[in-house]
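Structures incoming, each one as structure tokens.
In the two assemblies presented below, chain A is common to both, partnered first by chain B and then by chain C.
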Partner chain A sequence: MRLTSFLSTGALLLLASTANGYTVFVSNEKDNTVSVIDSTTLEVTKTIKVGQRPRGIVLARNGEWLLICASDDNVVQVFDTRTLEFVKNLPSGPDPELFTLHPKGNPLYIANEDDNIVTVVDIEKGSVLSEIPVGVEPEGMGISPDGTILVNTSETTNMAHFIDTQSNKTVDHVLVDARPRYAQFTPDGSQVWVSSEIGGTVSVIDVKTRKPVGKVSFQINGVNADAIQPVGIRITRDGKTAFVALGPANRVAVVDTASLKVERYLLVGQRVWQLAFTPDEKLLFTTNGTSNDVSIIDVEKLRVTKSVKVGRYPWGVAIAPF
Partner chain B sequence: MKTIPLDRAPPTLADAPQRAGFPGYLACFNGIVWREMLRFIHQRERFLSALVRPLVWLFIFAAGFRQVLGVSIIPPYETYVLYEVFVTPGLIGMILLFNAMQSSLSMVYDRETGTMRTLLVSPFPRWFLLTSKLIGGGAVALLQVYVFLLIAYAWEIEPPLLGYLTVLPALFLASLMLGALALFMSSIIKQLENFAGVMNFVIFPMFFASSALYPLWRIRESSPLLYEICRFNPFTHAVELIRFALYAQIDPASLAAVLGFTAVFLAAAIYAYNPSKGLLGRRGAPGGTA
Partner chain C sequence: MEDCEARRHDLRLKAGMLRLAAVLLVFGGMLLAGAPISAIAQPAAPPTEGRMIGVLLVREIQDRPLPLSLLDIPPPDDGIAGARLAIADNNNTGRFLGQEFRLDVIESAKPDELLAEAESRVATGQHFLVLDVRPQTVLRLADALKGKDVLLFNAGAPDENLREEDCRANVLHTSPSRAMLADALAQYLVWKQWRRWFLVLGTRPEDQAFAEAVRRAAKRFGGRIVEERVFSDEGGSRRADGGHEQIQLQIPVFTQNAAAHDVVVVADEAGLFGEYFPFRTWEARPVVGTQGLTATSWHPALEQWGATQFQNRFRRSANRTMRPLDYDVWLAVRGIGEAAARRRSTTFAEIAAYLRSAEFDVAGFKGQKLTFRDWNGQLRQPILIATPKLPVSVSPQPGFLHQFSTLDTLGLDRPETKCRL
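Showing the complex of A and B:
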């Protein structure tokens, strides 16, 4: 009797604790660790040892798996997000940097920075399905919401490569500004936004015509233009607002997607790199590479509320729905 | 209720009964505080200049230094802040400092014009008169600070709403401390001309050797000695107390320091204004020989 009541209280407590908080995972490139942050308390609850030079991280299997690009180990590691235990390695091709998961949950598309290819991997079977040749130094990976089109950016070729996910073949290439880093589709799938680190711009490309339809430029009083290096991009579910990490400008730009005008710059830590929303879209987490912390933005108020210390060179961020 | 003749200033003091109870004290207190307020309100230029000074620092100086900070998070801030945000409590401190000095300046002026005698012949205890005078000066400063904060809000300096309330006791305490210091100094200075000179020796070193314009760890990087001086500076503690209070937090070290300094300065001022023992008596009356 006492045991059952104890158990039911425990279950209730568990339910209560899972109801409001999310688990945030941050890859620390230099420390070979992943910091685990509770989105309610905004404190690092655990730091787990992972492979060498972890960069891109993404969740799979509805948040049960955490996939990590261990760039210097040339593998993608799989961790269980609840137990934080290592599950298995996935083949990745050499030097995986960034990847994206098919909206259906499989396969995984990995950019291999050194080999100028995109590797397609079945995450359940752990097998390589295909290797797609792209431009020099592939990095940014974005997939359309319906999963039919994959966009890869190559840092040296300065192109966004459109790949048909049915045939795994490149179907088009769009020239963008120097050193494209990241590709992000709008939620309706009509546009893809590509950030150019050296060019200092974000190109907006129409997915149907594969033509650039606009460009977002940035200007911050007191910040040198060459310090403005756009990298990570996130767009709200309603498609109205985009957040762009501006690297060494230490700012996140808030962009109105209709006018392509910057509404506000939010001061965060140094060399802000990647971004991730909590599933309820109330908070946006930023990884700040050289100040070794993560800044948390209140999405509704557009204010930076806190910065939390993590490991050295935080790079990627992924947030589990529990 | 006795009618108060208008030609005598400050009337409430002159009319206070010899053995006044609480109502008498209150009337005296109101009289002094109200006089300070009236004085301030009637001097529109003073209100304007009191406001323009910190705003010039905020809009021009801080704009030039915008990129200076943002390299380290120091409490009470939880994330990176722009220089404008950092310097705001320092500028509030500046308002209090200038106001305290100006209020004491008026003491020197009062002494020269003879109004001070009216105050000091009052039957109320000297400590009460002087503290009332300080509170009057403080009330004027609070008005200036809140107007400044309102303008700063439009400049995107947005402390939490609760902070506007919690900063009030900190402002009051800090203005009392600075006022007491200024009052003590005013007792040593006999003429307005001297006062201006001494203010330069006090206001500027106090303001610059503090955490008002830059975090102390920055100063430590360049000079450990200067860092120690800054840490001892009462103004640093006043600024830090305000900084934390503006974010609804208490910095115990600063609170203790400000309380301690207030007690010391107030005691010194009361002693200095005691004609039998203090510096005032020894130095002779205004206009007299030094």
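Showing the complex of A and C:
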């Protein structure tokens, strides 16, 4: 691990952010770095070196830890979000891409894209608790708000696999459109939304019956249908509005969760994949892979207010509550 | 010359042995499922019954000349390895749906044998045949199996006539046509503003066909062929046996005094001379076409659109990198699996109908869905533009527009087709 370069005392000074500001972390897949953005000034305050091919990132321990899938190092790295210092490595299984944390804060569920399994890891002890076989190229990971059901999507098998977190066994498999990338539960836990990148749709699945109850389709004037490739999904806490990143269509769709109709398309940077709200839900950050920037959306006004240059091929985004 | 012949013989022997091993491996996996091992002469038990969906890969052993580079010698399981991976991928999905896929392979150098064997396999329940055979054998199989519950996938022949005047209603094509490849390359050259092309073609019929596709692409996209020269190869021995001394002199002289050009386009499908052109031409010009910068359905170093995991999976299963034929065969078998999963069916009629319907699409690590053209059964797909080491670009290029799908800027489009299904 090449971690010594940033372990300077100077790094500590960066954490003196303003009282209600948040710290935004963006993984840069091609640069092997994470860009740190101050949500108040909207400036990159620091770029930290991490493992190879950082993709999924998530916060743990109430935001004190930043967990990074270093896909090409076959490891999950833990960084301290206040000091930006490397804490430890977690076992991840091969080629970790995306992961989700149990709502209680432990364990961590990791999609191993190259090995058709989901690895369950105790982040405190650093041990593997279980490996769950799923479809080909597991990627998307969503967990119900009560932590009882985990949904994994497999990109080539085109399924949402429902996993019981008590037994760590798959209990059902729901076919969705081609290349499912992301799974997101609604805040009340009644539905899980699954984006299909090649299919160009978002399937809405009822969690109790595990049956698809609706599908969101997208149409943008002047944009080729083939370029509309939904990936990241975020749903507001009130459950009313979903934001869907549409990849090379360079837009984020704003979807009314009741009617499943798109209310607006917001133009962002190129190849937008992942999204994250600030904890107050006032801002939404988007990672734009091919334009090397993040766009910032004002959630209330539904306007893109700024773009901030980060590293090459920004992939994931996570926002700490301080 | 002697050396070369000896090596060629040796290679064929090895190829034969490995071929057998590959076929056995394919069936080895099925042993666990209790399926019988079948050899080429013994028709298998009906493969498509209940939850089982059979795929028959038909290979015609073709006596191709050896390529110039040792790196380019086709592995004995070229194409088979792609089928095996697709079967594994299908089965991974199938285990959640109660579907099982099984691969059988028949191969022969004699089209008559292939035909007889294919017919007998069809009689015992095979419905999906994936073909890596000569173009004329595609037509013979299609005609012999006409009216039966059979769908054929041409994964090996790029010939235009199979998609055009000789198209058949029971054939889908997963391999790109020559016109698609030439159009993909032409778009990139025009995008680069390299519009003046010096065309060098071999004497074999495939070279003529590729050259014709290049001429058509030039006219279509605004390239200009400023000069054509025929490179006659004497056949038989690989010229490299003469050593670099002669080649180093021969190619500059051959390309001397050509009309002003931006690129040299070589049309040498068999790989008999094209590899000699890069870095040896009289003028310092890039070499493109069948060698140098090429248009291809697959590249072993493609990593976009999740291809890394696909490449890794292939390497683990075949112990080598994936070649275009592997990919074209994978697409055919994976397409069958996709249709079976979507229809939740193992019956031929339902799967075949879905494959032909407007609803069908399959993901193939090309960043967008792949679909079949309804007018001639050709799979639409982005085409990679690549050097031997890395992909350079992907066509269709920006700015080449189409009223329905930009993928239809590659190859013969609906209004031009001679195919009447």
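By definition in this document, the second predicted complex is superposed on the first by the 304 of 322 C-alpha atoms of A that agree within 3 Å, B and C clash if a C-alpha of one lies under 4 Å from a C-alpha of the other, contacts with A are read in each partner's own complex, and residues count from 1 in each chain.
Everything that follows uses one rule, which is that contacts are C-beta pairs under 8 Å (C-beta built on N, C-alpha and C of every residue); 3 or more make two chains touch, one makes a residue touch a chain.
In this text the structure is predicted, and so the values were computed from the model without any measurement.
Once chain A is used to superpose the two complexes, chain B occupies space next to chain C without a clash. In the superposition on chain A, A:Gln52 contacts neither chain B nor chain C. Of the two partner chains placed by superposition, A:Asn62 touches none, neither chain B nor chain C.
Residue contacts after overlaying the shared chain place A:Thr40 against neither chain B nor chain C. Of the two partner chains placed around the shared chain by superposition, chain B is the only one that A:Val304 touches, whereas chain C remains out of contact. In the superposition on chain A, A:Ala178 contacts chain C only, with no contact to chain B. In the superposition on chain A, A:Ser127 contacts neither chain B nor chain C. In the superposition on chain A, contact of A:Asp95 is made with chain C only, not with chain B. Ranked by how many residues of chain A each touches, chain B and chain C are led by C. Taking the two complexes aligned on chain A, the least Cα distance separating chain B from chain C is 11 Å. No residue of chain A lies at the contact with chain B in one complex and also at the contact with chain C in the other.
Put simply, chain A touches chain C in their complex at residues 95, 113-114, 116, 135-137, 155-159, 161, 173, 175, 178-179, 198-200, 224, 226-227, 229, 248.
Interface of chain B with chain A (complex): residues 63, 66-67, 70-71, 73, 78-82, 158. Of all residues in chain C, only 89, 92-93, 96-97, 306, 308-310, 312-313, 338, 341-342, 344, 361-363, 367-369, 405-407 touch chain A in the complex they form. Put simply, chain A touches chain B in their complex at residues 221-223, 250, 267-270, 291, 293, 295-296, 303-307.
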